[in-house]
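The following blocks contain the structures, represented as structure tokens.
Shared between the two complexes below is chain A, which pairs with chain B and chain C, respectively.
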Partner chain A sequence: MGLAKRKSAYVEYAQAVPLKYAIDPDSCIYLKKGKCGACKKFCEADAIDFDQKEEKHTLQVGSVILAPGFKPFDPSRFDNYQYANLPNVVTSMEFERILSASGPTMGHVSRRSKDKAEPKKIAWFQCVGSRDLNKCDNFYCSSVCCMYAIKEAVIAKEHIGEDLDCSVFYMDMRTHGKEFERFYENAKTKHGINFIRSRVHTVNPVPETDDLEIRYVTENGEIVSEIYNMIVLSVGLETSPEIVSLAQKLDVDLTEGNFCKTSSFDPVLTSKEGIYVCGAFQGPKDIPQAVVDASAAAAAAGEKLAAARNSLTKTPEKLVEKNIFGERPRIGVFVCKCGINIAGVVDVPGVAEYAASLPYVDFATDNLYSCSQDTQEVISQIIKEKNLNRVVVAACTPKTHEPLFQETLINAGLNKYLFEMCNIRNQNSWVHKNNPDLATEKAKDLVRMAVSKVALMEPLKEAELEVNQTALIVGGGVAGMAAAQSLSAQGYETHIVEQNSQLGGQALSLFKTAKGEDIQERLSTLNSEINSDDKITVHLNTKLTEVEGFVGNFKTKLSSNGDDQVLEHGVAILATGAAALEPKEYHYGKDSRIITSLELDKKLIEGDPTLKSLNSAVFIQCVGSREPDRQYCSRVCCTHSIDNALELKKRNPEMSVYILYRDIRTYGEREILYRKAREAGVIFIRYTLENKPEVLIDGNNITVKITDHVLGRPIEIGADLLSLASAVIPNKDEALAQFFKVPLNDDGFFVEKHAKLGPSEFATDGVFLCGLAHYPKPIDESIAQGKAAASRAITLLSRQIIFTSGTVAATTQADCSSCGVCISICPYNAPSFLEEGPFAGKAQINSVLCKGCGLCVASCRSGAIRLKGFDNDQIFSQIFSMNEAV
Partner chain B sequence: MPKDLIGSVMVVGGGIAGMQSALDLADSGYYVYLVEKGPSIGGAMSQLDKTFPTNDCAM
Partner chain C sequence: MSEWEPKIVSFLCNWCSYGAADLAGVSRMEYPSNIRVIRIPCTGRMSPKFALAALREGADGVWVSG
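Up next is the complex of A and B:
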């Protein structure tokens, strides 16, 4: 990013994958001038080849997925912010690096000017390169900047301290994502971050200092001048010219904002068959949405190739495992140099020599890179030749490399649990650079501990589970329907359970999508496609009454008008949707002209002729959303109301249409609708939570009173129609949550596995999530998530057989006192009391359900539970052998 | 299986979206070519400091 100097031979960052050096041709002296070449001389692995040329490869593939990402907007051309001239005006991406511990300032927040001072007052400017047709061509909202600016401000305060003064200058605060609104509220109230609704027009350097004077106009029309130490420009997302030309080459259509054109009902399909899209190229979006789309694109690509599944992949041959029962430990120790990463500090051959002297160690050596493929083969060879039955690798972190070495053990015919890894790099050579002697001693200690533990390791068995190839989808709205179609297209038997008498869910009451597509028309096509699909069975008027089993083998009781049926399935997708809130304010229900957004959609679907003759229509936003007792944004209502306002204007251009709002949240390219509505003469009036509009019914007249945010005066609007944008409220289905052991959040939406990286699945294996049950979202995002849930489910179904982990808890029933603490403490329902046999009444643990978390082990007062692979004697022997050194 | 059907997919771009697509496809039995112009995968997310809501390191 140019914040710090980088050498010509570099790795992008410490955790880069692959973690290999690259040469930057723009700064390498050898490549530019033909001199130097030092790296080639010093490289022990002889990996440098200056003659490497760009090569062309031709690959035959069944589908293509485009995920080329975005380019952060370059604000250099904005002369009023002076980004190019003033060092203390930085972009939000640069500020991320300044905050990062692996960044140029090691996470110490400091200015870019020569004083490198810690700032005391920082301002964020929103919508730089977004929602702006005056200074750039990006009309759209970049969707992510409001949230990242708040996050950066909160973290900057964490780094510098509570005294740091943070202000965010914005137009509309767009925190429409899951849990975002709460974060925004906390930023205001708990962290004391200032939010100022204004676009700053001028930034000037303060003479003799590196500070910045900014000028802006407040909402009351006052001109304010303030001094800040640092300014962060919240830059938007755009598609780079290279990607635009790639799209042209591929004949893929783009939108007005240069993103990939897709339809709401096929949100990841480009205009070209066989080419799919995901990530920010599909439209500016945040990480969870990009991850949803990514899985959806994988599903869409797979749907077309299902017949060729497994035709090009290879399954490694499995070796017969050696029985080591009764053998004395014969341990092999492999100490890694990791190039100079470890060997530059630690005396690696010395550690290997020491290891050879330890009890039961039959073999010890050092490797230049233990993880390289040739070393793997050598290790496997040595295990066989020396007849080793336990292995220790002293190298880097097991988090990334344990599976690799376990694979090596398997290839040598050993059980993969006869292995121990110790980290002499991240936890030793990297942190004790200045104390090589002590670091060598520490490496020896770590190796000795690992050796004493591994000697007591025993082969563990992984339970093998057959995965039932049928999928159950709970909820037949568009998300569930999309998931079902994807699963069926990939060859899986699918059942949709719907409690109502028809499929379609909330979409049945919706008129058009934000892109103008007719929803009812598409829905009836979807319906007939599903009904004629022989792999999809639809159960209408049906509810779940009981769920038994676990990943791969669920047994669910379906109940329909008194008829019960048990369905066996391998996976479950929860797509139970949400509902529209019935408003309790604004005199809803007292006058037929006061209706909800969905009721207006109904009139539009039915082509109600009275809509044409209205003189005035008023929309009130955030009815039940963003309130203290419902602290979330319903995400869809701004776009929905603006869309409907435009529909009314289309029917009668003379109609006066007002939208009363708090923040307009037409994120992404939906912003174009906001612009169109203003051009069509729709009047937008802002209100605050403390000063809500008031609705009066007086005889035949409905009057809406509101304080106009520009005039600052109360005004009265006569309304022939009042449309209330009522909140999307979750079903809060606690019984279902209990059935599948999945959590609900405070608002009543399901909690996904990971907010960023696992949005369409639960932490409970084999259970997936999509649609409104996850969080309010429009149709295109619901369909994408339906496909994403299907994609995640297919990664499980296609394996057919799964293995559970070997490191699970087990009870010694003779020692069990039947207290039941393990049963109540286990989050996964793994322990239960035996019902018969000599140990009836004692606890047993289902190894399939156990996740090996160890809670029951710690809670057992009788010491009757052990965690395999982390047994007491193993851990104690590790600790005691540490003691020898102290 | 139709003769001309190829069980592989090319994913263009190794950011978070490309990586997730590639993983899903590979885990579903399709051969994946992940094409990235830079020397490592990770994309824009790897440049971020921490991510909401857990403040997990973006790595």
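Up next is the complex of A and C:
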């Protein structure tokens, strides 16, 4: 990003995968002038190859997925913000780097001017390169900037302290994502961040200070001038010209905003069959939505390629595991130099020599890079030749490299649990680089501890578990239907359970999508496709009454009008949807002209002729959303109301249409509707939570009273129709949450595995989620998530057999006192009482459910539970072998 | 001032603190070397007996983090 200098040999960024160095050909002296080559001389691994050239490969593929991402908007061309001239005007991307612990300032927030001072007052300008047809061509909302600006302000305060003054200048605050509204509220109330609704028009340098003077107009019309130490431009997302030309080459259609054109019902399919799209190229979006798209695109590609699944896979030859029962430990110790990473500090040969002197160690050596492929083969050979039955590798961290070395053991015919890793890099050489002697001593201690532990390790078995190949989907709305179709297309038997008498869920009451597609038409096609699909069984008027089992082997009781049926399935997708709130305010229910958005949709679907003759229609937004007791944005309502306002205008252009709102949240390219509505003469009036509109019914007249935000005066609007954008309310199905052991949040939406990286699955293995049950979302996003949930489920189904970890708890039933503490303490429901046999009433542990945390082991007052791989004697041996160290 | 340095034994949760200790290395932070880490699968696995054993073996401090 040009914030700091970097050397010619560089790592792209700290989290790069693979974490390998590259040479920058634009600055390397050898590549430019043929001199130097120092890196080649110094590289002990001989990894430098100056002759590498760009190569072209031709691949035969069945599907292509486009995920080229976005380019941050370059604000250099905006002369009013003076980004190009003033060092303390930075972009939000630059500010992200300034906040980052691995960034150029190591996370210390400092100015870019020569003084490098810590700022005391920072301003964020929103919508730079978004929602702007005046200074640039990006009409759309970039969707993510409001939230990242708030996040940056909060983190900046965390770094600098509470005294930091943060102000965000915005047009509409768009925190429409899950848990975002709460974050916004906390930013205002707990962190004291100022939010100012204004577009700043000028930034001027304050002479001799590097500070910045800004001028803006407040909501009351006052012109204010203020001085800030730093300004962050919240730049938008755009498609780079290279990607536009790639799209042209691929004959893929683009939208008006240069994003990939898709339909709401096939949200990841491009205009070209077989080419799919995900991420910000599909439309500006945040991480969870991009992750949903990614899984959905994988599913879409998989649907077409299902027949070819596993046709190109190779099965590795499996060596028969050696039986080491009764053998004395014969330990091999491999001490890694990691180039100079370890050997530059620790006396590695000395540590290896010391290791050779330890009890039961039959072999010890050092390696330059233990993880390199050739060393792996050498280790495997040595294990076989020396007939070793335990291995210690002293190198980096088991968190990244344990699986690799375990694989080496398997290749040498050893059980992979006869292994211990000892961390002499991350937790030794790297952190004690100025104390080589002490670091060497520590390395020896760590090796001794690992040797004493590994001597007590035993071969562990991983439970093999067949995955039932049937899927259950709870909920037959569009998300559930999309998931079912994807599963069926990929060859899996799927059951949809729907509590109502027909499929479709909330979509049954919706008129058109934001892109103008007819929902009912598509829904009826979808319905008939599902009904004629041999692999999909639909259970209408059916509820779940019991769920037993776990990942791969669920047994669910379905009850329909008194008839019970037990379904065995390997995975479950929860798509239980949500409902519209029945408003308690604005006289809803007292007059047939006061209706909800869905009721207006019903009139539009039925083609109600009275709509044409209305003289005025008023829409009230945020009815039940963004309230103290329901602190979330329902995400769909702004677009929905604007869409319906346009429909009314289409029927009668003379109609006066008003939308009363708090912030308009037409994110992404939905912004075009907002523009069209204003062009069509729809009047937008803003209100605040403290000053809500008032609805009066007086005889035949409905009057809405509101303070106009431009006039600053109360006005009265006569309404022939009042449409209330009522909140999306989750079903909050606690019984279902209990059945599958999945959590609900405070609002009643299901809590996914990871807010950003696991949006379509639960932390509970084998259970997935999609649709409104996750969070309010429009149809295209529901369908994408339906496909995504199917995609995630198939990663499990397609394995057919899964192995659980060997490091699980087990009970010694003879010692068990049947107190039940393990059963009540286990977060995963793994322990239970045996029901029959000689040990009936004693605890047993289901190794499939056990995650190996050891909570039950520590809590067992009878000492009847052991954790394999972290057994008492193994941990004690580590402690006892420390004696020389402590 | 005495030269005495406490000897510390730590039990770190594999999922958080052990990873954090790795990250301290990746970030090239520095700290005194008189600490010996034992990786446990979760602090749920921690037993008072481990802390007592470490103290009996001569540790001056036991640090459990997770």
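The rule is short, and it goes like this: the second predicted complex is superposed on the first by the 884 of 886 C-alpha atoms of A that agree within 3 Å, B and C clash if a C-alpha of one lies under 4 Å from a C-alpha of the other, contacts with A are read in each partner's own complex, and residues count from 1 in each chain.
Criterion: a residue touches a chain if its C-beta (ideal position, glycine included) is under 8 Å from a C-beta of that chain, and two chains touch if they have at least 3 such contacts.
All values derive from a computational prediction rather than experimental measurement.
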{"item": "Which of chain B and chain C A:184 touches, first, second, both or neither", "value": "neither"}
{"item": "Partner chain(s) touched by A:96 [first = chain B, second = chain C, both, neither]", "value": "first"}
{"item": "Touched partner set for A:298, first chain B, second chain C, both or neither", "value": "first"}
{"item": "Touching partner for A:169 - first (chain B), second (chain C), both, neither", "value": "neither"}
{"item": "Partner chain(s) touched by A:432 [first = chain B, second = chain C, both, neither]", "value": "second"}
{"item": "Which of chain B and chain C A:791 touches, first, second, both or neither", "value": "first"}
{"item": "First (chain B), second (chain C), both or neither touched by A:858", "value": "second"}
{"item": "Of chain C and chain B, partner touching more chain A residues", "value": "B"}
{"item": "Partner chain(s) touched by A:867 [first = chain B, second = chain C, both, neither]", "value": "second"}
{"item": "First, second, both or neither for A:445, with chain B first and chain C second", "value": "second"}
{"item": "Residues on chain A lying within both footprints (that of chain B and that of chain C)", "value": "101-102"}
{"item": "Chain A-facing residues of chain C, complex", "value": "7, 9, 14, 18-19, 21-31, 33-34, 36-42, 44-47, 49-50, 53-54, 57-60"}
{"item": "Chain A - residues contacting chain C, complex", "value": "14, 101-102, 397-399, 423, 425-428, 430-435, 438-439, 441-442, 445-446, 449, 807, 852-855, 857-858, 867, 869-870, 872, 875-876, 878-880, 882-883, 885-886"}
{"item": "Interfacial residue positions of chain B with respect to chain A in the complex", "value": "1-2, 5-31, 33, 38-57, 59"}
{"item": "Residues on chain A engaged by chain B in the complex (per definition of touch)", "value": "1, 11-13, 15-20, 22, 59-70, 72, 93, 96-97, 99-103, 107, 147, 151, 155, 179-180, 183, 246, 278-281, 287, 290-291, 293-295, 297-299, 301-302, 305, 307-313, 490, 755-757, 791-792, 794-795, 798-799"}
